[in-house]
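Structures given as structure tokens follow.
Two complexes come next, and they have one chain in common, chain A, joined by chain B in the first and chain C in the second.
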Partner chain A sequence: MRRTTGLWLIVGFFGYCLLPWYMVGDGFLSFSWLSEFGAGDTAPAAFLATAQGRPWLAPAGLSLLATIPIVLANGASTRRAWALIAIAGTGLVMTMLQGFMIQHFPDFPFIAPFLSGAAQMQPGFGAGAAVTLIALLFMITTGVAYLGKGRADAFVVGLIGLIVALVGVFVFFPLSQVLVRAFELPDGSYALTEFVPRFFSSDIWSLKCLVGSGSCGPAVNSVLLATMTGTGTTLLGLAFALVFTRTFFPAKRLLRVLTVIPIITPPFVIGLALILLFGRSGAVTELVADLFGAEKTRWIYGFWGIYLAQMLSFTPIAFLVLIGVVEGVSPSMEEASQTLNADRWQTFRDVSLPLMRPGLANSFLLGFIESLADFGNPLVLGGNYNVLSTEIYFAIVGAVADPAKAAILAIALLSLTLGAFAIQRRWVGGKSYTTVTGKADSGQHADLSPAVKAACYGTALPWAVFTAIVYGMIIFGSFVKLWGYDNSFTLDHYIRAFSVDFTNGIRWTGVAWDSYFTTLSISTIAAPLTALVGLSTAYLLVRQNFAGKNAFEFGTMLSFAIPGTVIGVSYIMAFNVPPIELTGTGIILIIVFVFRNMPVGVRGGIAAMSQIDRSLDEASITLGANSFTTVRRVIAPLLGPAMLAALTYSFVRAITSVSAVIFLVSAQHNMATSFIVGRVENGEFGLAIAYSTVLIITMLSAILLLQLAIGRRRLRRRDRLQSPAPVRSRLPSLLPAGRTK
Partner chain B sequence: MNASEKAGSIRFENVIKNYGQVTAVKDLSLDLEPGKLITLLGPSGCGKTTTLRLIAGLEMASAGSIFVGGKDVTNLTATYRNVSMVFQSYALFPHMSVFENVSYGLKVSAVPSAETRERAQDALAMVGLAGFGERLPSELSGGQQQRVAVARAIVLEPEVLLLDEPLSNLDAKLRRSVREDIRAIQQKLGITVVYVTHDQEEAMAVSDQIIVMRNAGIEQIGSPRDLYLQPVSAFIADFIGDANVVDCDISDVKDGIAEIQFGSASYRIAIEGEIPTQSRLVIRPETIRLSSYSESCRISGEVGYAAYLGNQVQYTIHTELTDLFVIDNRMDGYFPIGSRVSLDLDDSRLCLVEV
Partner chain C sequence: MNFRLGASIAVLGLALSGQQALSADNLNVVCSNEQDWCDLMVNAFEGKTGIDVAMVRKSTGETLAQIRAEANNPKVDVWWGGTGDPHLIAAAEDLTQPSGVDTSELLGWAVNMAEITGGKTVGVHAGALGIAYNADVIAEKGLAPPACWKDLADPAYKGEIQVANPNSSGTAYTELATFVQLFGEDEAFRLLAEIGKNVNQYTKSGSAPSKAAARGETTISIGFMHDMVKLAKAGFPLKIVSPCEGTGYEVGGVSIIKGAKNVDAAKRWVDFVLSAEAQSRGPEVGTYNVPSNSRATVAPESPDLASIKLIDYDFATYGASDTRKRLLSRWDKEVKPTGN
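Right after this comes the complex of A and B.
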């Protein structure tokens, strides 16, 4: 008891007495607060509470003081544990409460007198507050561990407490803010009754386009598009999967590559390439106009453009899901069918296809959800076709900012994706016929019947060629002066974006450097944090038993079902004002990446950790190592591949993500994707596409570097050992691994 | 090392362990002396592993208290209990060499590296694996891996060493020699060892004390001899060695002697204390003497089945009351199937158990 609690007590006092309690204007790391230590708003809480007359900051310090006797007492008893929980808990709750109360209810009768005249707004929590609150949190969890909960393991209980607190603050709290805002009236008051009519208003759900009299509401548009995309990607994905697994098609590796590239492509880049092909001055448009004298239209800006872009973006995901499904159909079933004198087509129709049905449904739902959540393509190609994700954005950044409308649209979008996820888990998740049994299943998959084979080749190959052309466009377009008008070769775009001046030392003169460096540094910080949080959560889920584990799992996986736009909106609604005021900082970008991408780390970690025998950790623990040492020395070294996958994935996602980020960037911390979207809106396609190319190359090199750094080292000496089995979730299988379960 | 002073006693006071609805251990109380080898024996799912894990601290008791070496460890996590465990799967860290495995516990306890080296080498030598330190676990045979697991556990000089079915992955021959090694190490170090096994022969062979568990509770605790000669229940009688457990009538009880009727014969059995009102008679198969049928015998029967096993012959005899399983290891005669035989029971080797 003494060691752990003593440590946190010291940390707590450090935060309370030495670090600035509030956010520091020019950033904590500027250390300007040191030069004027103890003065004004940059003072530590100990000064604020005493010298500056802000008694509402006292409870945290008092509870730290009150725990001293417990920490110093010898031995642990249940009574002391309870006392510790009560005291630290009071300090934590009081401190959180004062933050929210002063911000939102300064006139609340019970607190107004305490605030005396000082009800002026406080700045948001800063380093001091964060450190103090975390120390209090860990004092509570240590107390809980001493009650014998969580195997009496302070590390485990602390980790649970930390993750619950983080998910609470950074997932549930922002979502709750969206809900609250949805009830807000234009005059700033709140009403329950207004919500229902506004939520179901025809502005959102209008079906007019179906009866041919005007345009539909964005919700209906989103659902239509998502249904089409889900169906299309599933069919194409199936064709690819069949070609890949059931034929002797020679260029399979190439197919694999085509499926990986979209994952490292920022979402709107495909839209951009499509504009270069099919836009008013696009290559194909020009060609068709020349050959047939067809009129140049703007058809690409609208439903068909978005649809095409989404098909290109999400078919690889369907392919990756369906490879597993197709491979999962037991060959012996097909052989059985053939021995019963069914021909190849009958076998396919009556045996293979029905067995794949749950997998197909799964793939459809994934495509559906991806399409709903997609923001980049509709933003670039949308035209007059309004979908929910972009409408939310325009409700926030448009000429008339309307947060209430954004909140309601966000709730509509969230209900749709959560609904689809619920269906996926309930209806498809448990019904897989293709589970791998422990029994070795040898045998040959049936060949495809000629008709099916022709159909597969006929769709998959042209599509693959088309995808290749689209990607070729991205590279090609970046070297062309002015697309469609002046097709001469140029390096101008690259120079404008990435020029460097060496005359007086190095000066990064290109316009893109700023956002490029921000993106790299933020992604580099976010990736290991994401992997850490994700794998820690996986560790708790796989290795520990505790009350409320199901709720814990739901909470940690929830952010996966939330479209990025909704997250973005919820973050600006929640973190724009004290006590947690983060907008405009780089921290909020890091946080949004960590909590959006964490579920994939969790899934990967669960898969990997389930393959490591639990008795390995138990052996380590009985040998006198604590859980932390066990994680560090036994589990982490065996998790190499999963760690690599989680790192790579979160790094890539942080670089390519645009939907959530676009709400949260600031002049100081601009990210590459939002910078590029800005160029596109200005019509600077060349620059945009040159920058996208550089991003893709950056990610590819980063992936290779990570593979080299982590992958090789692990394999050097250990490659001979049989257990644990290597984890299958390398990069290509990341997405389905994350999304299917 | 003078470890016998380090050996820890183990005490359970009304310990309960629930997993949700399942009660894996119910209201268990026991008190084990230090320095003994104690086996936990019982059918699958009776709670042996759970009991072991409760001692190790890998599971926390839902209720009750646990003491190791006289110290209350109920709420102490496994890390801080002075207890080591050998796992059924050995649980050797696949990414560490044999030497790294064995020295792991010392290293995480911040023992100086010179001492760590020496003690790890000693432990490896003790299990006969000196010179294997640089290998990876995957480069060892099953038996060698098992020894590494033992070395890794004893190097810490724990108060209590726990072994969960340590021999179940080995073949029959190896099992015999390894179990003798374990017994020898236990004797040498003088530590308390709790040993889980399915195999009653293994338990009989190595234990000072056997705890037979059944349905999440203790059925009987005693030395191998006690359990064999004085089983408290038909379950024990049947579980420890072979036994014919048959119905009988108690006609009279006085002066510690019960007179019972088995068929037309009557026997006098010494008893301790009360005898259960409803009792059954335990007849060990090797205590039955067979001879050629004679009119004067008390019980007679017909050979239903005979199996010649070299050092013994096993018979199933149909008698008028019931079928009896008989082991004849005197080997002075052979009774073919269908022949009539007389059966002689030795009063002093009969006992009564609760129904």
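Right after this comes the complex of A and C.
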């Protein structure tokens, strides 16, 4: 306790005495605050609280001072731990409180006397405040750990504290700002009376389409669509995962690229490509009309169009979650089953498939939620099929803005997510899915039964061909004058977007460069942070037990389940004023990406981690490692695919997400998608598609690099497949499985 | 251990904290026009005044949602372009402030906009509402092109017309208000319901129908003529019709945000975008709406407002929120259910 607390004490003092407490106007990294150190608003809190007469900044410093005797005292006792929690807690709460009170209630009787005019304009928290508050937070968690909570493990308690604090500040706080509007009455006051009838209104939940008399409410439409998409993507993802891991399919690499590409496609592009193929004047429609004289219809606009686009967009996510899980199923189990005389189909049905349950459940949940929150595809292809996400968007930005309606719809959407989440939990249940045990695990994966194999090939390969055609269309579209109309070759779109002038050194003259560089740097920063937060959360959920774990788990899923539009607006409302003033910066974009995409890391991490036997952790702990070392040396290496999935996904989503970003981009930090959407709105499809193509290539190279860097985990000495003509030669297993280095 | 985790987060936090530039000679502009038009004006303004402009392009609906959410600490100084409706709403909600610029050179409809908002928003350009049809598809189907609003109710057009939903699109609301002003409220709703039988989709966005018509995804669209001109110029077989009964129009606005940090620069921006010199440059980047400065030169491709029968659009009445609510709820009851 002494060492850890001491360390955080030093960090705390560093933040409090040396770093500028408030946000610095021209950026922390300009270091202009160093040249005028201690003066004006760029001074550290120690100066502000004393020399500049802002006593409300003193509690943080005082609590740091007060913990010195605890750190210096020899030995540790429960009483000292309590004292540490109380002192650091007071400092933390007082500091947060002063920030909010001065901003929102400057006339509050306890505060007003301290404030003198100018001081009311307190800038937002900056580097110093962030460091000091984090230090105080970790001092509290260290104290809690010493009390024996979380198996007295400072790392685990610290991690829980950090994630709870982050989710609280960056998910609950902003969302509460929007959702509370659901209870707002037209006159600005709040009550439950309006909420209940509006929430259960038939405008949202109407079931008319099921009985064939009119259209269903958007909530019902959303559920139908999401269930279909979740099921479809999971099955297709499973087919792809099986083809990859259990067959000798020759062109696996090509297939891999094709499965990943849709996830890296900027929004609207898939929808546009589908319209050009299947729209009323689409290529396929024309062909079918010419060949069979079929009438050209607008069938793509509506349920089937959205469904097709979502299947294309979200199958890769299912695949990424499932491939790790399918790989992880132990061949020994399958061999045992075969030894007991089960045939290949029985083995697959009764052994392999049930072991994949957490993966299937998580991939369904992701597909379901993604479909609910998807905004671009319904917008382009929705026709008259209304879903919640677009309704919410237009309740916020439409001709008649109705924040209460948006909030109510958002709550409806959230309750759907909550329902799916609960069902998923029940289905997975409390069974054990552990197959990576650390025990000698050799053997061959059972070959797929002919029927399963045929089903996998029969679905995966046509789908891959279809994907290839759609992407062929897109690339083609970037090289022609007017996509779908004037198909003469041109490079104009690329030249306009990405021209470079070399006459006077390098000048990036293309119109797209600015947003391209911003997008890349922001997503490069966001991706590892997302993976880190997501997998840490998964580790806590799978490996640790603590009070309120279920609520914690749901909290981490919240931001994912809410449409980006709501997140975007909630972030402006929450982070536009001090004490946490982030609008207009690059940080707000990074934060929104981290907390929006983290759930994928969490789901993937949970699926992968439930396969890894706890005895591996226990062995490591028994051998004297602490839990941090265990995570680093034992668990992380076994999480390769999950880590890859989380990194890939968060990197890509940071580049391709639209709805959340559109409100948060600013002149200095404009993102590629917001640029592309503007061009699409303006009818400049060529430019938009050329830009998208460059983004796709960028992301693809990044993913390949990531795969190279992370490499494959080695679960067994060799991942072998039972060859179609079984060769029974088996090497005795000399090394334990797991990481064999 | 957890020190490292925390520290790395803290360091990243530091690295990215605050990069806003809010010094004296700066201006934050949200532009709701086409990107190229935005870029051109920013460059011209910077060259002329030496003020550093940070500009981002967002649609009017998104901009309005953003300045509402930012009302207690605005980050935007001036909002330029896009349909006038959201500018009027912003003025009515007291989100913008009077700019006090000289409007003597401006055309009547632009001055009118300033008058009904107490100077908070001034008209910068106008666009008339029209009908467009895809010449290829109409020939293939052997249909007669429409000439009037009333023609659209012809059962021959069943499933061929696309128009936006006025609940989400300002364009479609302008159409609804135009019908009410042209035909009287009851007759307007009767006609809209008739036309509704021919509508294949009520789109969310106002410019979507004309884009669909350009690609032959629908045969006929209703929308703003300048959007249609742009698509026709790009090469699509789109023909534009100015309805025989007359038509309504929108006026795009420019507004200074209340609480803007750079008011003086914002005023210079408003002055600049209202000047004949700036407004004459639209056609350079393919902007075909009609400029508000009477001395600005107009592109030959621009819809000539003089040759279009424009109604005397009553912005004060139809921009008011109670009229809007009443018309929209009536539309939901009487028109929406007739669509397919």
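Criterion: the second predicted complex is superposed on the first by the 417 of 741 C-alpha atoms of A that agree within 3 Å, B and C clash if a C-alpha of one lies under 4 Å from a C-alpha of the other, contacts with A are read in each partner's own complex, and residues count from 1 in each chain.
We adopt the following convention: contacts are C-beta pairs under 8 Å (C-beta built on N, C-alpha and C of every residue); 3 or more make two chains touch, one makes a residue touch a chain.
If you're wondering where the values come from, they're calculated on a predicted model, not measured in any experiment.
Trainee: Scan A:Gly148 for contacts with chain B and chain C and give back first, second, both or neither.
Mentor: Only chain B; A:Gly148 stays clear of chain C.
Trainee: Return first, second, both or neither, reflecting whether A:Asn626 touches chain B, chain C, both chains, or no partner chain.
Mentor: Both partners.
Trainee: Taking the superposition as given, does A:Pro637 touch the first partner, chain B, the second, chain C, both, or neither?
Mentor: So A:Pro637 only meets chain B here.
Trainee: Thinking of the overlay built on chain A, is A:Leu192 touched by chain B (first), by chain C (second), by both, or by neither?
Mentor: neither
Trainee: Touch check for A:Val211: first (chain B), second (chain C), both, or neither?
Mentor: neither
Trainee: Applying the touch criterion given at the start, work out whether A:Ser615 contacts chain B, chain C, both or neither, answering first, second, both or neither.
Mentor: The first partner, chain B, only.
Trainee: Give the label of whichever partner, chain B or chain C, reaches more residues of chain A.
Mentor: More residues of chain A are touched by C.
Trainee: Residue by residue on chain A, keep only those touching chain B in one complex and chain C in the other, then list them.
Mentor: Chain A residues touching both partners: 154, 626.
Trainee: Any idea which chain B residues touch chain A in the complex?
Mentor: Chain B reaches chain A through residues 56-60, 74-81, 83-85, 87-89, 91-95, 104-105, 108-109, 136-139, 149, 152-153, 156, 162.
Trainee: So in the complex, which bits of chain A are touching chain C?
Mentor: Going through chain A, the ones touching chain C are 4, 7-8, 11, 19, 23-29, 124, 126-127, 130-131, 134, 138, 154-155, 158-159, 162, 214, 275-276, 279-281, 298, 301, 379, 382-384, 390, 393-394, 396-401, 481-482, 484-486, 511, 525, 529, 532, 536, 569, 572-573, 576-577, 581, 583-587, 590, 626, 628, 662-663, 665-670, 674-675, 678-679, 681-683.
Trainee: Any idea which chain A residues touch chain B in the complex?
Mentor: My answer: residues 76, 78, 145-148, 151-154, 613, 615-616, 618-627, 629, 633-634, 637-638, 718, 720-724.
Trainee: How about chain C: which of its residues touch chain A in the complex?
Mentor: By the definition above, chain C touches chain A via 1-3, 5-7, 9-10, 12-23, 28-29, 34-36, 39, 53-59, 61-62, 64-66, 68-70, 72-73, 75, 85, 89, 137, 159, 166-170, 172-173, 200-202, 204-205, 207, 211, 214-218, 227, 230-231, 234-236, 324-325, 328, 337, 339-340.
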